[in-house]
Structure formats: structure tokens, C-alpha cells
Amino acid sequence: MARHSKRRRKEVGSSPGTLLFVGEQKTDQPRISVMAYSAETLDEQDIQAVDRLKSLRQSPSRKWINLIGIHDTTMLEKFGLQFDIHPLTLEDIGNTGHRPKIEEFENYLYLVLKMLQFDPAGKKIEAEQVSLILGPDFLISFQEAPGDVFEPVRQRIRKVKGRIRKAGCDYLAYALIDSIVDHYYLILERIGERIEALEEQIVAQEIRQQTLKEIHFLRNETIFMRKQIWPLREMISQLSKGEFDLVQPATHPFLSDVYDHVIQILDTVETYREMLGGLLELYMSSVSNRMNEVMKVLTIIATIFIPITFVAGIYGMNFDHMPELHWRWGYFGVWGIIAAMVLAMLLYFRKKKWL
Amino acid sequence: MARHSKRRRKEVGSSPGTLLFVGEQKTDQPRISVMAYSAETLDEQDIQAVDRLKSLRQSPSRKWINLIGIHDTTMLEKFGLQFDIHPLTLEDIGNTGHRPKIEEFENYLYLVLKMLQFDPAGKKIEAEQVSLILGPDFLISFQEAPGDVFEPVRQRIRKVKGRIRKAGCDYLAYALIDSIVDHYYLILERIGERIEALEEQIVAQEIRQQTLKEIHFLRNETIFMRKQIWPLREMISQLSKGEFDLVQPATHPFLSDVYDHVIQILDTVETYREMLGGLLELYMSSVSNRMNEVMKVLTIIATIFIPITFVAGIYGMNFDHMPELHWRWGYFGVWGIIAAMVLAMLLYFRKKKWL
Amino acid sequence: MARHSKRRRKEVGSSPGTLLFVGEQKTDQPRISVMAYSAETLDEQDIQAVDRLKSLRQSPSRKWINLIGIHDTTMLEKFGLQFDIHPLTLEDIGNTGHRPKIEEFENYLYLVLKMLQFDPAGKKIEAEQVSLILGPDFLISFQEAPGDVFEPVRQRIRKVKGRIRKAGCDYLAYALIDSIVDHYYLILERIGERIEALEEQIVAQEIRQQTLKEIHFLRNETIFMRKQIWPLREMISQLSKGEFDLVQPATHPFLSDVYDHVIQILDTVETYREMLGGLLELYMSSVSNRMNEVMKVLTIIATIFIPITFVAGIYGMNFDHMPELHWRWGYFGVWGIIAAMVLAMLLYFRKKKWL
Amino acid sequence: MARHSKRRRKEVGSSPGTLLFVGEQKTDQPRISVMAYSAETLDEQDIQAVDRLKSLRQSPSRKWINLIGIHDTTMLEKFGLQFDIHPLTLEDIGNTGHRPKIEEFENYLYLVLKMLQFDPAGKKIEAEQVSLILGPDFLISFQEAPGDVFEPVRQRIRKVKGRIRKAGCDYLAYALIDSIVDHYYLILERIGERIEALEEQIVAQEIRQQTLKEIHFLRNETIFMRKQIWPLREMISQLSKGEFDLVQPATHPFLSDVYDHVIQILDTVETYREMLGGLLELYMSSVSNRMNEVMKVLTIIATIFIPITFVAGIYGMNFDHMPELHWRWGYFGVWGIIAAMVLAMLLYFRKKKWL
Amino acid sequence: MARHSKRRRKEVGSSPGTLLFVGEQKTDQPRISVMAYSAETLDEQDIQAVDRLKSLRQSPSRKWINLIGIHDTTMLEKFGLQFDIHPLTLEDIGNTGHRPKIEEFENYLYLVLKMLQFDPAGKKIEAEQVSLILGPDFLISFQEAPGDVFEPVRQRIRKVKGRIRKAGCDYLAYALIDSIVDHYYLILERIGERIEALEEQIVAQEIRQQTLKEIHFLRNETIFMRKQIWPLREMISQLSKGEFDLVQPATHPFLSDVYDHVIQILDTVETYREMLGGLLELYMSSVSNRMNEVMKVLTIIATIFIPITFVAGIYGMNFDHMPELHWRWGYFGVWGIIAAMVLAMLLYFRKKKWL
């Protein structure tokens, strides 16, 4: 549930712009890594003190500053000072309960995205908040925990020839967003496989309580996923339509491409939800069907044997005067009656199409 | 039900602008407290007579007038005269059955909001109507009952340094709205916890009638909550987009922030509703499953024992001529027949996968 | 059903503008009452002959002409001539199957509204069509049957001081619409009470077929109500936004007020529908739960007694050679076996959590 | 099913504008009837050869050409030549699987509408496609089969005085559309009556499989109906809003009137669908309720008699040593035990509120 | 599932514009066939080396280049060079997991469409991606596998007289899109037939598990189909409204025609989904009904025979002192009691309307 309701900004009623970390601390020591690059040069380093960023800021190269671990609010504050970041933005960075959104400030664009991952136990999807601050010649990314999702982008920067080295920071931002969106496909695939497994089980009529829980679980995950991804749609649409000056026209087709992917992902999530709904119905119908079958067996057996048991019961009575008991063929007559009753029942059932 | 249908304006067909208190009186004595402040000065006082507000109005400082208890219609009327409030606004203030809304008048903005709280028994959510009148240099807030929701704002005003002391009344209005919206998270958290508890119960297959009532109750609460919060969305959007002159551009980003929160809250309410729907389905499926299992046990037992009981019944008959009774191994033969029947049944059940 | 499908305009394919009364005649004799008023003067009279309206039309005062009983088509036609009413409007007035709508003609606005009332038996909601024709200095209202819904408005006119005496005919139209909308709250209240009663019944687990019918009935009534009120929304929105010259700006805030009420009413109707859906689910779940419980009792009893009855049946057989029958402790041994079987069953049930 | 999927235009991939009749031939011999009229003159005739239309086209009077039977593609082609009809229009006329639509061509408006009728057996609704071609001084209507739906219009033309004689061809087109729309009310009425009958049955708790089929059938019919009528909405809205030059302003209010009717019809169809959904739920709940009751009877009987039958079985055993059998009051004691057991059961059931 | 989740663009995070084939290779050897034509001339040939296209490109005739087999990425790259195709377009062509879309580039329009086909086993619908690149005087089409869907278009080109020979490449593009859309009707027809068969089965009350699976399967297919076709709607609407310069006004009415068909198809898919939902409900209701009937038979039999078997059991007891046993008419008296009990039960059942 914490996934849904942790999103309380701060102490109720406290002043806005108060820097507070709201979330679960996922890493010990914040780590700042910087890539300063131009078409020809590349300078990669890890930085301990935020103050060192000052000199960096003046350099003419494009700068990608990646900060892992956002629970250290003093550090965030220093960042804010170095890069003229609005207090509300800092507060948002430090609060992991936000929806994806885009906000334009005077000198930068602020973007919030959600990295999705299955937890180590593969039980449920976890969201990590990634914030991007896109300035004219720098991009700052904030991650909650270390992860390898941005590694391919780093490697592309390291290659001298790539387009990424020539393009501006907006293209770098695109590359990061694209990595995150690509990651969603991994989640989709795993969910897809599980739905497929479920479907096979249900079609094979293996009725287990476990199946129900799995459907329920997957449904909740798709609800969660849609909630995390849905706002991306509009946000990337805005980016790709040139509403922001910081995004150059050359980057628009790439952003349109990401937009297409987001739409596809949402489409697939929606399809999964519909399929899960269908599976639940199929499952419930199978249970119903099965019950029907069980009831029929019970009814047939009971309806045949209860009456003839009564007949046997009658001639088990100990009355002094029961003429049939003394008839020569009485016993065999009873068998005849019983056979007739059974036959009648069977015909009735056949007529009802129960047999 | 009163929560939903009390919203009848007045005697049917009576003249509009007739001042009438419609609602439940929640406090005894109306209480007026005033905070007049500027960046440097702060004057806090409680006022008995509304007339004293007249002089106050002329003062150059910003004024926050908080009125608790709106059932005293004569007092409301005096307020109206002092601050040139439109009769329709006064009527709306005195009627607690309104939806959140915003109305622009010549010299002020009128806002209606809903404070949500669990009742003392924690049974259901109660809505208290809060009206705000935002003028150029004053803000009047009307509460139904005393409460501590605005206390943190008061404390921020008392601190000399806060932004709130320097900013205009529109920022103060924002701070109050923000407090109210922040309070919604408390409700969400409690509902979230209860949903989580429910989910654990149901997944653990504890089937109780109580569970059903709890789902039903929480569903009604989310319906109620959404109804109270939904109109806020558009209203705050209007405020944050600069449609009103009384709201200064500097306050817009803060209002956008509140807007984001409202969206998040509505999102979560919607997610809760979906999850509750899923829980109900899971619960119903569990009941169905359980029934199926019960039926299977009954059927297996009945189907095995009814036929063999019949066999025993046959040889309990008292016919004079029943040759089997006199056979040497008759009794043991019957046991053989019974064993064969039981075996056949068991094989049948295994084939049907009931065992 | 007639409530839904009576809305057939005329003989299929006949010429438009053919004046025909379509509906159920609800009063005997049409009655025309006129209130001619200005800020200072008031002239109230009942009129027999429509022709007398001619002179009235020339008078400089504002005129409210109320016609009760619309089945007299010749009279309607005379009205049309007197006030230059378009044939299509006359046709619409005479046909009670219309949706609420607003139509602008050269010299007047034509409005259709629906009065809602529970029928005398309190069984179902009935709709009465009220048509308004708003001219520059007259308002004509057409009712199907006499009723007291407009009485409070009349009384407000009789008071010399009221705003209504000073304001134009558009304000009078507003007053009438407001009366009608206020009446909807009465319906809502009654439905609300019935839903509340239902909820108590169901939560108390009183399962009766009657409950089901009540839910079904109330659902149909909310569908009917929404259908009657929904179009009002847009129509009053248009009125309040100044799209029509005949409505003066001073009346707009009053119409906005009515608009808010209509939105509230629709909101509540929608909430009721959702609550009824929830009640139905709760009811069905209770039935299911109850059935489950019944089945468990049956299964426990049957599963315990059927096997032990079989044991008793075995030793009721009359074979000559049944060694157990002659054992000294045979009988008590059978009791021991039976006790063991019952115990095993009870343990099984406990394990299954059926006990 | 053919009602839904026959809509395949032609041989897959063949050239557009290929004239092919796609549908079911509903009449033998195409029949062309012409009404040429002006305010004073009227010339009515049946025409065999399409070529004769040539001279007619030059005449100054307004012309209504009605063609019944559209399977004769050569004739359609000749029509096309005579009146400069676009090949795509001709193709559309000859294909009965179209949705209602409106298309503007250089010299005419092309309209497709659907006549709805219950088939002779009253089993299901059948749609007949009616195409209209509205030129400046002619209107051509294409029907699949003869029918009397346009007869009232013809009669109105025959009357010298009617508005239709004075108005243009656009008014004639309106009159035809109006006739078709009026016909929908007949269908609605019949469906309404059947829903009412169903409701009575279900409320009276007559549970039959037939009921289910009727609900299912009516639901499919409303789906079909909505699908046929829905596109009319936008199409008539366009017509009435003056988007086309061929429709004169004087005709707009009449078209608005038809538009209102279409909205009403769609409204009612939607209401019917909701009511049918409600009926299905009510029916299913009744079945469930009934089952519950049946189960209770079974459980009560079985739970009372199975244990006491066991007691009787015990004393039917033939052990040599059964002391109770020889007790003086043993038999009556057994009766006492049985009575006690029955009483206990009854009390239990009363406690459970099953009795 | 692969149908839904294969849409992962490339290695997560890799550089955009990387040419990779993503999909299932459906043909061995790519095949390029070219039709170069003008109103008078036609040159048809198969080409092995992409380089040969160079000279072709200069020729003044219109060129249709059809490439079957898109897994050969080097060939795609050469294509890209020859026709100045953007790397993102090439990447999209090589990835079969796209939604239908349209993208405008400087010198061409890029269109993605989906061919739908039942797989050879008739089990499920398969989508093949068809990409079109429309330049000023050329059209390139990319297919995954050979197929005869474009054959009719080819034959129309071969005919000297067809409109297609005179019209531009945009008309050719229209013709191809039209072929693909026409193909959808074949799928619809097959689904329609299967729904009809299902409906007959269910109405005839043949309750089989298979039925459920078929409904489930068809539902998934309609979800899949809608997902593939839905985006076509907007895309063709854009084409037909003249948003792109490469599409000439003369082609617009033809594209509008395709647009109508797409709408019809989506309509029908939607109708099918509703009908399948209705069928599932009908099926489930039938199962429920059937169960009810089964239960009633069981209950009637059990309720009649269990009590009378008890009576027989009583007089099968072996007590020494059972006076009734020695009565002269005891046995017949028991029969009387039994008859009375049966009669009472039957009356009860009749009262309950179970018989």
C-alpha cells in the first residue's frame, strides 16, 4: 500500500519549499559522477564535494551530472545554489512520491520520471523516481539508488563517433528518457509471460486458489504500472512538440519516437488488463462449470440410490404381518422393482441430457 | 445518507439571497480571530463584535480574519456589509451542502473547499465546509467548527522570516488550501492501511461477512471522497493559470504544486476504488472456490456411501427366501462387492481430478 | 415503460407543425392566470378567453401568463397567434414527451423543463412538462396540471419590495426554473432515505426478495431522473453565459447558482446509482455467503452420518454367517468404530476450518 | 450475424468505383416513380426507361425521383450519367452495408440512412438502406424494397396548400428523413412493451430459460439499433447547422427538430440497454435467491433426518448382545432421543434464521 | 503473448537509429519487384541488387518498389541510401512491433500498417507489418512475407485503362491501403460466423467447457484486432484531410472512403465484443439455471425419500418391546403414513412452484 499512499509531501501544513527527504533510503552514501564532453573531448570523474561543481559549471563543454542517493538534503541544497534551482524543484527531487511531470522554469526544465523494476524476489514492481534537470549546457540526473540503466548511455558517450557526442544536452536527456522507457518493456515481457502461463493453466482447467491470487496480483501490478506511466504520455508529447526552447528541433523526431513507445506500452498495459479481466471471468466460469458437474454426479447418485434404499428399508421392517415377505418370489420381485426404478431414473437423466 | 442529500438550498422556491443556515451546528459560539500582518508587523487578536472589523479594514496591513461557526446568520450579514459581500455569497457560506467551487466577484474571489476528517469513532469520513473570501488586502475564512488544521499556517505567520509574511493575501489563501489538501493524505493513508489489512485477510482466505461490509464501507468512502475533491481539480487549475487578477504570478508555481497534489490524490482515490473492486472479486471468487471444495467433499462422501449403504440395506431385508443369506461366504462376498464399488468410485474421482 | 417511449411526435410521417396533443390529459379545463406587474403596480387576474390577452400584450408592465392544461389545441393555436409563436414551438408545447431544451427564436426564447414528483402512491417518479416562453416583456408558462410549485414565486411577486418586482422577465424565468430545480431535492431526499433503509437491511443480513426489487426499482428511478435532468445542465449553462440577448447580465449570477444546483443534483444522482450498484453487490455477496454456510452445515452433517449409518446398515444384514454378530463385545466395538469415524471427520473439518 | 458483417465492399482489392450490388435482393423489378411539382403544378408518373429522365431534368419544377430496387447496376449507371453522380456515390448506393453518412459533392449532397423494421415474424429488426441525392432542384431517393414509409410525404405533396409544395428540395429531403426517424419510434415502442412484459415476469419471479433468451435478444437488438442510428446524430447536426449550401436557412429549424428526435431516440435506446442490464441482474439474483431457498429446504430435511435415521439403523443391527434391545422402555427411549435431536436441530435452525 | 509484448525496440538503452531486425523471420530470401509505369508505359521487373535502383530512381515514370522480407538489414540500409530515408524510418521498418502510424519527413511520407490473417490452423489472427514510403514519384512497400494481397492492385496497373495508371503514387498508396483494409472484412466475417455458431449452441443450451474457451479466444482476438486497427483511424483521417502535400486533392475522396470502411470495421469489432460479452453472460446464466434445476431434482428426491426411509428404519429396529410390530394392520398403517408424508411433500413443492 505504501506504493500508493506514501505521497504525502511533508508535515501537514508545513511551509512549502522545506527540503525534506520523503521516501525510503535506498543507498548509503550519495555519489556524484560527472561526464563533461564535447564532440572531441570527454572528461569523466567522480566528485565528492558539491562545491567542486562550481568551476565545472563555467566550462564550455556539455555536462552530465548524475547524483545517486537523494536522501542527503544538505547536498541537495548546495546543488540548488550551484545551479540556481528553485526551492520547489529541490523539494520535489527530495520527495519520491511524485507523478511523472514536466515543469518549466526560467533557466531549466524539470522532469520527473519513474524507473520500474521487479523487486529481487520478483514479487512486485517497484518504482524508483528519477529527476532530470535540463539546462542549456548541463543535465543533472537524480537517482534514488545505483543501477545500471544509464550505463549504455554512458558507453555511447564514451564512443567518439556517436551522435550523442555531437548533440546537445536535450539529446542526452532524450537518451536517458529512452533508456527508462525501454526498461518498461522488460516489465511488460515478464508480466506477459506470467499471463500466458496463467492462461495455459486455466484453459487446462487446473483450478487452484493460487491462480486467483496471481490474477489479482498481476492486475494490481498493471494498475500500478499504468499509474506510473500514464502521465509520461502528455509530458513527452509536450517535449516532442517544441513547446520548450531548451529542446532543439533536431531532437523532436527522437522524442516522437519515445512518445510512440510510451503509447505502445500503455496500449499493452491496457490489453493486459483486459486479458486479465477475461482470465478471471474464464476462471470463475470454470469453477462454476466444475461445480455444476460435481452437483450432477451427486444428484445422479443420490437420486438413483435414495429411493431404492428406501425399498430395501421397507422390507427390513420387522412387522409380524408383512405378506410380501413370505411370497415365494418376493425377494426377486423387489430386485425387479429396483431395476425398474433405476431404469426410469436413467431414462429421465438422459432426457435431461445429464448423461 | 445525509452526507449526500442535505444539499437543499432553502425552503423550496423561496427567494435567492435569503440568508439561512443549512447544516448541522457544530460549535456553540461563533469566534472571530484576526491576524493583521505586514512584513514587519503582526497584530493578533480575537474579536467579539463584527463592527470592530470596520476600522480594521482601513488599515494598510494584510488581514486574515478567521470565523469559526457559521450558524449565526445575523453575524454573517454584518460581515457582508463590512466587506461588500454579495448576498448570494453569504447564502453559500451559510449552506454547508456545496461542492467546492470558485466564483469571481467584482472585488473578491469566493472559494468553497471541503475539509475531510474521519469521525471520532473512525467510522466514516466527515466533510466540513471551509469558505474563503480573498480580497485585495484581506482574506476571510469561514469554518464550521474549531480545528487545528490552520494552526501551522498561523505559526508560519508568527515567524518573522517566512515567505508568508512578505507575500500577499493570495499566498495566504494558497497556504490555507495547501493545508486542507495535505490533510487529505491523512485520510488516504488510513484508507490505504485498511485496504492492506483487508487484502491480507482475503489472501489468507479468512472468509467472513465482516470483510464484505468493510469493502462496501470503504468503497462508499472513496465515492464520497472523490465527490468532495473532484471539483477542486478544475478550481485550482484556474487559480494557478492566472485567470484571476487577485492572484499574483509569483503565487502560480505554488498553486501548480497544490494542483499536482490534488491530481495525485484523485489518482490514488481512483486506484483505491479499483483495488477495492479487485478485492471484492477476489473475495467472491474465494467464496465460490470454497463452496466448490465443500461440494466436492459432500459429493465424494455421499457418492461412495449411498450405494454401499443400499447394498447393506438389501441384505437387511427379511424375506423368507433370500438364497444369498444362507451362502457360506455370503457376508464376505458382500464386503467384496462393497470394496469393489468403493474402488470404482475412487478411480472415477481420480480420473475427474477431484482427489 | 410509457415514461420512456411515449415520445412519438405525431402520426408517423405527418406534416411538422401539426398541432396535436400527445400525452395524458391531466386536468379538465385549461386555466389561464395572468400577473401583470411593474415595480409599483400589480394586476392579478384569471382569464377565460385567450383573445383578451391582446390588449394585455400592449400594456407596458411585465406579464406572467400561466396556462394550466395544454390538451386544448385550439387554445394553443390562439396563443400562437397572439404572441407570434412559431408553429414548431406550439407543436412542442403540446407534446409532453420532450427532453429539456432551449431554442432561440426571433422574438422569444423557448424553454422546456421537467417537473418531477413521486406519484401519489409514492411508487414512482412522474415527470410533468413545463414550457416557458420568454419574450422581452412577457413570460408564458405552460403546465400540464395544476400544482403549487410556482406558488412561492407568486407570493414573492405580491410583496412590493422583492427584487423580483424590479427585475425583468428573465429574472422571473430564473425564479420559475429555480423552483423546479429546488423540487428535485425533495425527490433526492426520498430516494436517499430509501437507500439508507435498504443499506441497513442488507448490512443486518435480512435477505429478502423484496430487497432486490427495491434496489431494482430505485435504480430505474435514478436512470429516469438523470435522463430528465441531464439536458438541463447545458441549457442552463448557456443561459448563464450570456448567449441570449433576452437574458440580462444582472441575472447571470443567479442562473450560475441554479447551474451549480443542477450539477450537485446530477452528482448526487450519480452517487446514488453507484451506491445502489454497491448495495446490489453486497446483497448478492450476502446471498452467496449464506449459501456457503448452508452448504457447510449440510456437508458436515451428511459427511458425518452417512458413513456411520452405513456401518449400522452392515450389521443389520441377516446373513447366517456373520461372525461379528456373535462376538461378546461386537456391539460395543461398533460404537467404538463409529466414534473413531466421527472423530476423524471432526478433525478433518477443523483442519479445513469449517468448524 | 449477416446484419453486422455483410459490409464488405466488393471483391477484396478490386478497383474502387466498380459498380456492384452488395446485399440481398429484396424486390424483383426496379421501379422509378417521379413527382415533379412547383407551388402550383404537380406531375406524378412512373417511368420505365431511365433515359426519359433527361428531358425531366431540364424542367424548371422541383423533382422527386424515387427508385425502388437497387440491384440493377446498369440502371444505376445510367442514373449516374443523367445526374452527374460520382462513381463512388453510385458504388455506395449499390452496397447496402453502409453506415449512415453525409457526403458533399460539387453539385449534390449524398445521404445514407437506415430504415428499421421488425421482420414479419417480429423476431428481429431489419435495416433497409435508403440513399438520398439532393441536388439544387431535384431529390433522388433509392430504396431497397417497396414500402409505405414515404406515402404520407407523397400525400402532403398532393395537397396544394402544404408548405412542402412551396419549399425547396431540401425541405423535401427533410420530410423524408423525418419520416424515417419517426419510424424509429415504432420500433422503440415495441421493444419498450417487451421490456415491460419481461419486467413483470421477473418481478413475479417466474424463472424461465426463455426469459434469459428474450433479454439477450433485446439487448442485441438495441446494440444493432444504436449502431444504425448513432451516426445520424452528427450527420443531421451538420445539416441543421448550415454547413451545406444546398440546405436553405429556412429548413434549419425543421432539421433541428429532427435532431432533437434523434437524440431522444438514442437516449431511449441507451436507457433500454441499461434497463435490460438491470433486468438481467435482477433475474440472476432471483435465480440465486431461489437456489438458496432450495438449498435450505434440502439442508433442513437432510440435517434432521439423516442423524435420526442413523439412530434407527443402530437398533436395527443384529448383534447377539445389545442390552438396549431388551430394556423394557428401550423403544420409547429411542423415540425420546429422536425427538430431542429433532428439537435441537429446529432450535439451531431458528437461531440461524433459516426457519 | 508474443503478439503483444514483442514490441521492444532493441537492446535496452542502445542508440536510436541502430538498424536491427526485431521480429520473426517469415521468408528466406528478400525479393524486390519493381513496377515502373506511366499512363502509357509499364515496365515490370524483379531486381536482385539494390544498387540497380539508382538508375531507376532517375526515370520519369512512377515507380512501385515492393520488397518482401525485411530481415536483411544491410539491404535496408542500401535502400535508405538510395532513397534518402531517415535512419529512424529504417529502424522502424526493421522492427515488426509497431503500431500503425504516419510520419512526415522532408521528402516522403512513412506509413506503417498491419495486414491481419488467420494463421493456417485458423486458430488465431496474425499481424504482418506493411510499411509504405510514399515519395513524389515513387512508392516503396515493405512486406514481411510473400502474400497475394497486393496482386489485384498489380493487375489493375497492368490494365492500360485503369485510373491507377493515370493517377499519381498517392493513388497507388491508397490502393494498397484499401487492399489491406478490405482484407479485414474477411477476418470479421470469420469471427462473425463463429460468434453465430456459438450463439446457436448456447441458445440450444448445449453447455460445454469448450464454449467458454471459444468465447474467451474470440474475445482476445477482437482485443487484438482493435489494437491493430484503432490507430488507422486517425492516420487515414489525416491523409484524407489534406494535411500532407504529397497526397493530391483528387485522392481525398478515395481516402475518405477507406476511412469510412475503417470506422465500419471498428464499429463491427466493437459490436462483436459487446455480443461476446452478452454471450458469456447468457452462457453463465444458463449454467446457473441448469444448476438450479439440478438442485431442485436432488432436493425433491431427497426431501421425499429421506423421511420415509427413516420411518422404514424405525420399524427395522429389533427391540423386544415394539407394540406396533404386532398390530394386525401395522405394516399397512406404515404405508399409509408414508403415503401421507409423500403427499404433503408434493403439495409443499407445488406451492413453492418447484413442480
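Just so it is clear, A, B, C, D and E label the chains in written order, and each chain counts residues from 1 on its own.
In this section, a contact is a pair of C-beta atoms (placed from the backbone, for glycine too) under 8 Å apart; a residue touches a chain by one contact, two chains touch by 3 or more.
Since this is a predicted model, take the numbers as computed values, not measurements.
Chain B and chain C touch with mostly distinct residues; of the residue numbers seen at this interface, under half occur in both copies. Rounded to a whole number, the gap between the C-alpha centres of chain B and chain D is 42 angstrom.
Centre-to-centre separation between chain A and chain B, using Cα means, comes to 26 Å. Touching two or more other chains at once are residues 288, 291, 295, 298, 302, 306, 309, 313, 316-318, 322 of chain C. Taken as a contact graph, the chains are arranged in a single closed ring, with each chain touching exactly two others. Neighbouring chains touch in a ring; in the direction leading from chain C to chain D, they appear as C, D, E, A, B. Of all residues in chain C, only 1-2, 4-5, 7-17, 86, 88, 97-99, 101, 103, 207, 209, 212-213, 216, 219-220, 223-224, 227, 280, 283-284, 287-288, 290-291, 293-295, 297-298, 301-302, 305-306, 308-309, 312-313, 315-318, 322, 324-326, 328-331, 334 touch chain D in the complex they form.
Contact residues on chain A toward chain E in their complex (touch as defined above): 149-153, 156, 162-164, 178-179, 182-183, 185-186, 188-189, 191-193, 195-196, 203, 205, 253-254, 256-257, 260-261, 263-264, 267-268, 271-272, 274-275, 278, 281-282, 285-286, 288-289, 291-292, 295-296, 298-299, 302-303, 306-307, 309-310, 313-314, 316-322, 352, 354.
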